[in-house]
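Got some structures for you, see below.
Across the two complexes that follow, chain A remains constant while its partner is chain B and subsequently chain C.
Up next is the complex of A and B:
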């Protein structure tokens, strides 16, 4: 293989891998702090993709502006969503109850959102062309939009790193993730921290939705695929381990691209899920998981 | 200031607490003793809101706190340590204390300032930036104590702090506890198996003894440890 081809594959893997990592991180943060398995998570990504698509197609608004606009709307949407879950699910002390009812309620939301989106915008796949000129980077040709999405994803990762590891919100979140019982015993306002986890998670979903729409087709049902990917990657990286999600996301990016280029894309999911199965058999807590305390 | 009235708690068939009534007065150190499984830790869990009692009431300064959440109870000024220490393993020493001071201040700078004052006071500022996974057993105990002190509590519940420590380390911890009583005006409720440390090092004001979830003795330290029921409860488990 030529050296430029190798660069190209590394670049493509990183481009999708960073987004996979982000998606998994948002799912992981929410689950490990609140114990809500948010089935609607993937549909937040879809919704954000559609917001970006329509703003660009109808009003010629740049997807980079949509990063802000879409996040704003999704966080707005998250507030009542959080309120309902808090009232009916999070108020319980029983983790099994939270997990089961969290799935049931967010599954309902997911069906509702997918139905509404396909009713409003039809089930057809859509895409748009924005900054799709080819740029040359050390002899390797990239689409400019793919290059820029990678940079935005990397910036978001830095932002999240700072938030999680350098701020009081991060200290509290990590405390709640590792030992919720201890955190409540220390007087931490659990409701506030849960709300913050929901907002961060939705923010990540909306940024990811914008970035995905810039280089891939979108359709009303794609959320389910991204949800499963987020889940799988988060489990492999370790529930409660933010860095694990990122590394595992990049790993999946490479597997994804390399399989697509060698064996062909049709076997991609078969291989990815077989890998998951193997990992879960031998390391049920994930590759980098440390096991979350069940309070 | 802390009143526990007719508290019962069972787990399946086990009666972990059976109609326990006791009270703590302002600024005293009360030892809580009893054989393994007698319900001591369960009583702490009920007081701080981790477990709901089946029956009974708890009052703190005249206000009923029986069904409040752990976070509310903590904010009222009841703070605890855990049997075998409980720290957030991913964080450094100072972060482990900041996490407890944040709810008091809501400003990172003030929370950090408070945390630094406490670690300076306890002489552990040198390990401030160390991850708690790297600490010795004794250092972990001190960090947990520092975290409790940083919460500026009115009542401190300490669950078995002396186990596995050297004579000198026990002495240091005893000094901190006495300081908490004198300088912070804290009321301390202290579970301990090393009764000598209670009587000789800390000189507790009172001792309460539990057996099989029942309160079997209460009073001056010398009286309780010579009490017939207490001796039998302890000898019973060693089968002498």
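Up next is the complex of A and C:
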């Protein structure tokens, strides 16, 4: 294999893996801190894709500017969403109650959002051409939008790492993830921490939506694909471990690309889901997880 | 024991009169009831509209194409109603068209029960087709049971499968895979390419297209199939296969896509600087998202398989213009063409039958030839044997027809009666 091909494979694996990792991270963070399995997560990604598409198509606003605009709108949208869940679900002390009602309510929201987007913008797939030219980098050619997508994803991951591991907010958030009972007894403001988890999760969904919309087409129902992906990667990486999601995402990216190159893409999903099954049998708590504690 | 007898005074005169009065009133009431009961028959005689029912995928996996198909139906309904409706000899007048439809969420089982509901509860006169091959197949038992014909559209089913279905009421208009694969082979032969890479998404329809495409090229022997590989539909990267394609450097790359992968393959072909002389896409290359995703320079010279073109007939152009006016720009996709074709064939079958009787309409569908602005239609064993296969090329941001065939396999021939654009060959480099 030529050396340029190896560079290309590494780059491609990173590009896919970083986005996957990012999506799973946002999903995992919210679940492990609040115990809410947010079915609407995928639709937040879709909504962000649509905001980007419309801003670019109608007003020629660059998707990179949309990173900010879309995040702002999605966080705004998250607030009422959070208050409803807080009032009816998070107020309970029973984790099973939170998990079950969290799924039911967010599932309802998901159907509502998909229906609204389909009503407003029709179910027809849409797309846009942005920075679609090919650039050469160390003798390997890439589409510029993909290249920049990878860089933005990597930067965001560093930012999240800093936030989670180097700031007080991050320490509190991780405290809640590791031992919610202890965190609560220590007098941490759980409501504030839950709100922060919701905002970070929506922020990640928003950025992912913008980045994905640059390469793939958008339609109101595409969120489900990303939701499943986020779920699988988060489970493999280990629920409760944000770093696990990232590493699992990147691993997923490499396995995905390498299988396509060697065996061929026909068996890709078979192999990936077989690996998932093996991991779930031998390490049900995930590669880097500690398992979920039920109070 | 007390003897039971009728006293001659048991019924007085007054009682007799009362009984006779009751009988007369009952007779009058019966007459009135009979009169009002016959009113619906008179209403049928005064029928003003034809109720046509269908389910369509407005959500779920088929939502994007289903929406386009639904809009095509709506445009036809408005277009025909503007002309006063469809003339039905039985009523000696034109009847307007009314739709009753439901979202089947792209679920075959739901579609089947919705078609039953349309027939039994909504009592529709006739039916239009749902979206997609698998949903067409799912409703076959229902239409067979109630004996109502459906002119299918977006269903690409292999002839063997159609024969297995043993259906009398489902009519297939989309060229079956052997036909479109043979047309594609004729086109490649005419271009005189010597090496071809065939890639395909792993769906029933595209796998069959690719399989027959490869077989016909090999049978004719004009070119070598240097790559023949499939990929799953939900794929996010095909560069592994494309690097092999780059290595072989074929003159033609044919991708039997369905439809999101059309964007993925094009974008990665460009990224890897793979520049064949001819690049052909299946489903997806003629859709709005494809048009939006790439600038005109990137799309220039890319070919997509289709079934019609608005430039061929003024009536199809009229429908297409109405669509654009109502819903905004959309490339002349196969979904639109097939949607309209099925509506027009049903319309003509009603006109020819002169009645709304489904059985008589079915007979007309099975025996008559229909001239439509989407080509001639003649069903033989439920399949349109006159179907058009049109190869559209992206030229300066628009789809232009560059090669057309008519007929079904093995009687496929190049159609020369249509005005075509000059083919850009070889395709400009990315």
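FYI, the second predicted complex is superposed on the first by the 281 of 295 C-alpha atoms of A that agree within 3 Å, B and C clash if a C-alpha of one lies under 4 Å from a C-alpha of the other, contacts with A are read in each partner's own complex, and residues count from 1 in each chain.
As a working rule, a contact is a pair of C-beta atoms (placed from the backbone, for glycine too) under 8 Å apart; a residue touches a chain by one contact, two chains touch by 3 or more.
Predicted model, so just to flag it, every value in this text is computed and none were measured.
Participant: Where does A:114 make contact in the superposed view: on chain B (first), on chain C (second), on both, or on neither?
Facilitator: Touch status of A:114: second partner only.
Participant: Which of the two partners, first being chain B and second being chain C, lies in contact with A:183: first, second, both, or neither?
Facilitator: Touch partner of A:183: chain B, not chain C.
Participant: Quick one: is A:171 in contact with chain B, with chain C, with both, or with neither? Answer first, second, both or neither.
Facilitator: first
Participant: In the three-chain superposition, say which chain, chain B or chain C, touches more residues of chain A.
Facilitator: C
Participant: Is A:141 contacted by the first partner chain B, the second partner chain C, both or neither?
Facilitator: In the superposition, A:141 contacts chain C only.
Participant: Would you check which partner chain A:86 touches, where first means chain B only, second means chain C only, and both and neither mean what they say?
Facilitator: A:86 sits against neither chain B nor chain C.
Participant: Using the touch definition from the top, list the residues of chain C that touch chain A in their complex.
Facilitator: It comes out as residues 58-61, 63-64, 66-68, 202, 229-232, 234-241, 243, 259-260, 263-264, 267, 270-273, 287-290, 292-295, 298, 327, 330, 430.
Participant: Write out the stretch or stretches of chain A touching chain B in their complex.
Facilitator: Those in contact with chain B are residues 167-168, 171-172, 174-175, 178-179, 181-190.
Participant: Once bound in the complex, which stretches of chain B touch chain A?
Facilitator: 48-50, 69-71, 74-75, 80, 82, 86, 88-91, 95, 98-100, 102-104, 108, 111, 147, 151
Participant: Under the definition above, what is the set of chain A residues touching chain C in their complex?
Facilitator: 5, 8, 12, 16, 57, 114-115, 118, 122-129, 132, 134, 141-143, 146, 215-217, 219-221, 225, 256-257, 260-262, 264-266, 268-269
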